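Sharing a structure, written as structure tokens. Questions coming.
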Amino acid sequence: MILDKSWWKYLLAVWMTVVILGAFLYAPPAKGLGETARIIFFHVPTAWLATLAFLISAVGSIQYLRTQEKKYDIWAYSAAQIGLIFAILATVTGSIWAKKIWQSYWNWDPRETSIFILLLIYAAYFALRSAIDIEEQKAKLAAVYSIIAFVTVPFFIFIIPRVYESLHPDPLINPEGEIKMDSRMLQVFINSLLSFTLLFFWMLRLKIETMKIHFKIEQSLSE
Amino acid sequence: MVKRSLSFIHKAYIVFLKDLHVEFRSRYAVNAIFLFAITTLTAISFSIGPIRLRSEILAPLLWIILFFSSMSGLAHIFVREEEQQTADTLRLLTSPNSIFLGKWLFNIILLFSLEVLIIPVFLAMMGVQVDSPGTFLLIIFIGSIGLASVATLIAAIISQASAKGALFAVLSFPISLPVLISGIHGTQLAMDGGTFKEAISDIQILFSFSIVIVTLSLLLFEFIWRK
Amino acid sequence: MWTVKAQEISQKFNQRHIFEGISFEIQSGNSLVITGPNGSGKTTLIKIICQLLRPTSGHLIIKNEENQIDAHQIYPYLGLVGPYLQLYNNLSAFENYTFFARIRSLPVDMKYFRQLMAQLGLKGREFDELRTFSSGMLQRMKYVMAIMHKPRILILDEPTANLDEAGSEIVYGIMELQKKENILILATNEPEEVKFGEKKLVLHS
């Protein structure tokens, strides 16, 4: 598999360096939002990865319940852990930007509310895992909870915009379906999104591998 | 097929009657949920004093009382079976879904009976004028079914974990948020005299949410219940 | 003719093997005794046989003639007595009986109930709440619930725990009767009880 080679990791390092430089030097400031808009190159990818991780975790959970195979639990758990990191990053970066632009760190904007709910779900997921002793029980109940949470999420998409008014800029696609971004901004943005996603899969792979090794050591110790 | 599904519902009813009977003897859940609700309500009323609150604050207060009262009593239905070691006995008697439905029904009835008492007291103590009582009751009715459904499902999960009490609220809260947000929004509308038509989208969300959670419960409960 | 068949059953908890590759087959008119030191997994195996626990690997098959009975249909045919299986302490003996009978779709028959209570030596306690019962009486009460539906498969984990001599004698009678036409499975280390098993399965820790 191509991911087993290591050259792509060096490529990723170069790529992300270029993206970071591009975000500050190449992309122009956005209309109306000024220099602060540069945060979208880092904020949006983290939010996207927090969501992607949640999805992967749910898929892993469904697979676990179907097959009862340990590896799917490792998937679900690892994705949730990395997802939590990105959710925190998205919350913090968003909050800093909100302070700059809306003069307050927290406004219960729909997107702030959504990421906050995601954080709550992740927190609940880990709290549940830590409260069960038997591995198989833990994997099973955590998988069930993750699926319940996953099914609840679409409701928020309907409910939240109705109750909480939005100030948040639509970064890429607005209701008119136009791309508002300047072409140079867009180039950096898309590169940032892709490179962050690759970074995410690297992290996820590392996490899964270490979990598997951890699991094997435990197994050999108990025998 | 019809006969089978009838017997499955009939067995759920027998489980429900058993739980009612056991609860009637011990009154543990009833005491917990009623005393919690009354204590909270009195605490709020005391601290607010004679000030008349607006519906923007009254509606969330009402739902916060309902949510935390549920959290204090609705887990007992499964926790009791695990703590008294009757869970395995029950597992050998009938299908998981009959057990879930029986306990779900019990929790709904328990929450309804709490509301019959606490909502009039709340309205009186806080001096609330509900301008559309029909809509108000409908929102509370469907919202409670949603809340009780989430609580029953999460109760089944936490009854097999340690630190049950603290976990129950932590796990239930994110899942109940659709009920809380729509319930609060709809209740506020109804207090201000919003018509049924204005509240229809809240009612739709509450209704579909309850259906989704119950369906999901019937799909997942067997995984939770069987070890 | 009923059959309980275990194929290569293994169980792990937290990556620790409880037992591996357990196989046996037992049919109506036969009995199986499971013995082994503490911690060897007797109770775990019993729970797997009752389908209370899914084995990590392997299969447990229960058949009536050639029809396989799945986990959802097993309830009317199974009776279990074990220390981890309690009755509803807040309810009286009769209320417990009523619940068990109704959920098993049996008629609530007072005469039959009194007869069962008398058989287990609990005459006169029919309407007392179980929390007033001693542990020996509770053990006898568990037998009332486990045999009231004349199960095809009766499974007893530590059959005479908490019982006095008279109680043990009653239980031996039940065991003798059960293995004549139906299936009896015991988990015990008491030499007195081990001899009830025509087949013997020894678990090692």
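As written, the chains take the letters A, B and C, and residue 1 is the first residue of each chain.
The rule is short, and it goes like this: contacts are C-beta pairs under 8 Å (C-beta built on N, C-alpha and C of every residue); 3 or more make two chains touch, one makes a residue touch a chain.
The structure presented is a predicted model; accordingly, all values stated were derived computationally and were not measured.
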Chain occupying the middle, per Cα centroid: B
Comparison of A-B and A-C (more C-beta pairs in contact): A-B
Inter-chain centre distance, subunit B versus subunit C - centres from mean C-alpha coordinates, in Å: 37
For subunit A paired with subunit C, centre-to-centre distance based on mean C-alpha positions, whole Å: 50
Centroid distance [mean C-alpha coordinates] between subunit B and subunit A, Å: 32
Residue numbers of subunit C (touch at least two other chains): 54
Multi-partner residues of subunit B (at least 2 other chains): 227
Multi-partner residues of subunit A (each touching 2 or more other chains): 133
Interface residues, subunit C side, partner subunit A - complex: 12-17, 54, 56
Contact footprint of subunit A on subunit B as seen in their complex: 153-154, 157-158, 160-163, 167, 170-171, 173-175, 177-178, 181-182, 185, 201, 205, 209, 212-213, 216, 220, 223-224, 227
Subunit A - residues contacting subunit C, complex: 68, 133-136, 215, 218-219, 222-223
Subunit B-touching residues of subunit A, taken from the complex the two chains share: 65, 117, 120-121, 123-124, 127-128, 131-133, 137, 140-141, 143-145, 147-149, 151-152, 155-156, 158-160, 162-163
Subunit C - residues contacting subunit B, complex: 47, 50-54, 71-72, 75, 78, 80, 82, 84-91, 95, 99-100, 102-105, 129, 145
